[in-house]
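Letters are used for the chains, namely A, B, C and D, taken in the order the chains are written, and counting of residues starts over at 1 for each.
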């Protein structure tokens, strides 16, 4: 099993590396960079939702927190190495705290959704209300609705004047995405990850086996928060400005849509979903025939109703059932399974 | 003294608004275990229906109290047939699909009405309490919320349909055991819930500048109120609306509207942490 | 009963105004096989859930192997070495049979050596042919066996089984009884059960619950012969 | 529109083919002048963005019809940022690096300007930000043709105090613009014998002002000055009128009307509110008449025209004038030409560029809402951007690149 996993991971990583390397001949690297960042963000939710069964309506909170942490730290410190790590660490710690509060309180389902949503809203409202001069962290004004511009973007560690920009920045983010992908695959294949999947499937059973589900969910949630924060950090460096819009509900909605469209229970699915829809959004921005929100909404409805497992798993199972037909083995409809996964 | 009266009126008013904006969502959630995240957009459409009706010469009360609920109720029927009924029993999937619906409706409204703010004037003049002028329409809203709660109570406790509804709330298979088609019940429920959303949208339309994205400002509050209230429709909504209305207004007066909003949200987090099943999951169990 | 493995003292569980379990003093010896019976609502399932930690008792104490476990979370109780099978098969539908059992074995034996115990459990329960099938696709009886496999793989010294024979075919019931008898050579077992035939076939001591209290405790044959038991249990069951 | 659709289709096809998309707007002659535009023409800010887009296209049409710039036609590369900040960064980079435009006009909110300003500066693409804003941007690569708070406040506040009395209650949107404008109101109130007795800030999504209205009454000011922004805040004026306050406490505003709010409010709700802007369609001048008839010719009616649409229109013409004077498309040449003291005669009056700040010197008109129109009471010629002038001098420090917090 571990061997098959390894093979799978290696295969996907190499394929993705090749795709990311040749992509710049088709698209500008600044567009590709943001698509990769979106992919990373989708991966964070794909991990905790698809493999831990934790539906977080507020993944944007960690994304925004990562971006703001980086921006504030970069303004204060100047050199980007420490801010970069803080941008991952802060959301990770915050997610751990929030997760502990929720999971040790035995909240589930809808209530989990409400709390994460509400926490995101609090961030959104608070950040929007920080326009006054009294909201200063060190030398960084939080800036309210207008956000924080003009901070140091990513540089070669130790050399604040050697900016990582343009193509170099793209290759860096692509490398980060692959690295995180491999890390997450390893995590899922590890005993910890297997138990996490067990929790998604049946939390009570896992508890009755003697595992502490609360602790494991908290850890998984924190890892997801850290990855989202990493995406936020990279976004900040790409956009050169952070605004409260990062915490908005529509941002959270988009992450969920990416995962649904790409497919839950896989890691590649959400990443692909994010990239495809992210690109679609840019393309749609160049036309004014149909309202973009309308299209996004329609995509979400159609996927939930017609293709609830998302693109990648559907393709996968189409392939398997093709194999299955050859081997003349009958299987029960897999639809039931997905329903369980989504409802945990 | 006058100021105290004004503040009390404002608190009652904000509780009433929470009741109005949550009622439709609560009915659908309480009866069907479906969370309709397009609820805010249903309200927005109720608002537009009212404005269009008023502008085409229909009496404002007729527009708010009749046209808006009817239009949105019918829309709800359509939505139930096309989307919701494929997803019964899948709470999270319905949330996602209705989220998609909400985006879709915002898009449609934008294409029809544009993002320009529109609105109508409230039909009731302001009057004074001592040295203070207050918005007369606030009283209309407080009365509307009271009437709505009373009507809900009357229907649920006094009619045959209400009995079936309460049965269904307790156990989903009760209706079919009693010989009713659950499909019909769900359809009727969703119609009523949507109509209530439309009504709320219609009643609030004269107070706010309406834009297609207006729904977003309501959904979060309605969602939080309903979930925190728990599964009982009337007691749940009333208790959580009272709590949140009180908290947010007190902080709004004492500090600022932002702090009021944040206080409401923080109160919700604390409440859910302490009572993970909502208020009526712990107290008033089994009430309506 | 000087060597009691599990005792409860004055155990009480109330839900709102209803007292489901009232001042129960219960004791189980090492390697003892005990059945709990009683009519619906007698409190035996509530009692069972208090033992596993799924419910926190309102009053009273529980001791397992000398430690007080009152109010512990299920995972702490389980990690003492207690295996639990719930009423409705509690398994992980999205994972294969093997993965289900591996998770159980992995916690006790560590992920490196777990494989051996997994194979062993699969063999003992005859799950070999379906080891790679997703549990969600199995029939009810097979799922019951998978859950038992999960329990077995943990190698517990105390096993709590809630209605293991429910919904099984005649042949499967026989196999389950045999399995339980086998297990009882290494572990103490509590079985909550309705099926008198089944209880007879494992020939155990029986504790009868009625209205939240223990009505009597004796060998199955004596219990069956008792008039009070017939009144509250068999009589009502009709 | 047609071109956009073609782009859309091209994009979709490219998407289907796995992202094979390198040149989208390629259907133009190579030596055309390329004007880039980034505006929110959809999403919550489209009420500002759409008319701005229309105004920009009208201005370009006029220039092209008159023979273009330096004998070359202008073609437009326009992106809709969908009211989302991340898309500004995206399209800003796209305009500078892929489309290689000669100038960018656009940005609405200050945040959107800051999202693209540095990118355009680094890529040496001239940038025009044509919107009423909080002031203080000091950057040689940018020109700003909208009014700033001091230009408005120095006119509207003294007029209001003279008319109604000294005690002022300030309501402002809780972001840079509102915060800074509120301070200017406080300053000019003091200088004119008035006093700001209270200042409240509201996040942009606050729509319920009941408690605020009660608080204002408790303070009983002579005037309410509002710098509220957006659709949700419009509720304030409605609730204010509904409470019967309109006849009791008069109001002045620095923002109401910028998004055509005077046409959304009824006459009863709006009448009598005092404002000061660069433009009103009621201005009687030849330049305005020809602008209005041009707009009618292109779009049918003039109801969408608003303050910042006119700013955008004037901005495009200012830029064109600069190019003509420079006789070249070279950025540095155009900047120098603009710094030389260019002026045009726009619909809102004469617009000239202040070389020290790259901000506009404008006519500001004191106006009053009346029957859903803005009636001009008095015009003030050529008001200097004194707020930004206090902190910024690009003649002395051409390498400056900051948005100053204007000192008051």
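Annotations
Here is the rule we use: contacts are C-beta pairs under 8 Å (C-beta built on N, C-alpha and C of every residue); 3 or more make two chains touch, one makes a residue touch a chain.
Predicted model, so just to flag it, every value in this text is computed and none were measured.
Listing every chain that touches subunit B and subunit D alike gives A. Between subunit A and subunit D, the least number of touch steps comes to 1. Taking the mean of each chain's C-alpha atoms as its centre, the chain lying closest to the overall protein C-alpha centroid is A. With centres defined as mean CA coordinates, subunit B is found 32 Å away from subunit A.
Mean C-alpha positions place subunit B and subunit C at a centre distance of 47 Å. Subunit D has its Cα centroid 74 Å from the Cα centroid of subunit C.
Centre-to-centre separation between subunit A and subunit C, using Cα means, comes to 42 Å. Touching of two or more other chains is recorded for residues 125, 128-129, 291-293 of subunit A.
Contact with two or more other chains is made by residues 110, 258, 261 of subunit B.
Across the assembly, subunit C contributes no residue in contact with two or more other chains. Taken together, the chains touch in the following pairs: A-B, A-C, A-D, B-D.
For subunit B in complex with subunit A, the touching residues are 35, 83, 86-87, 90-93, 95-97, 99-108, 110-111, 216, 220, 223-224, 227-228, 258, 261-262, 265-266, 268-269, 272-273, 276-277. Considering their complex, residues 42-47, 50, 174, 200-203, 205-208, 210-215, 217-218, 231-235, 238-239, 241-245, 248, 259-261, 264-266, 268-269 of subunit D touch subunit B. Within the complex, the subunit A residues that touch subunit C are 191, 194-195, 197-198, 200-202, 204-213, 331-332, 336-337, 340-341. Note for the complex: subunit A touches subunit D at residues 23, 26-28, 30-31, 34, 125, 128-129, 131-133, 143-147, 149-150, 235, 238-241, 243, 245, 276, 279-289, 291-293. Contacts from subunit C toward subunit A in the complex involve residues 52-54, 73-76, 78-79, 84, 86, 90-95, 99-100, 102-104, 106-108, 111, 134, 136-137, 150, 154.
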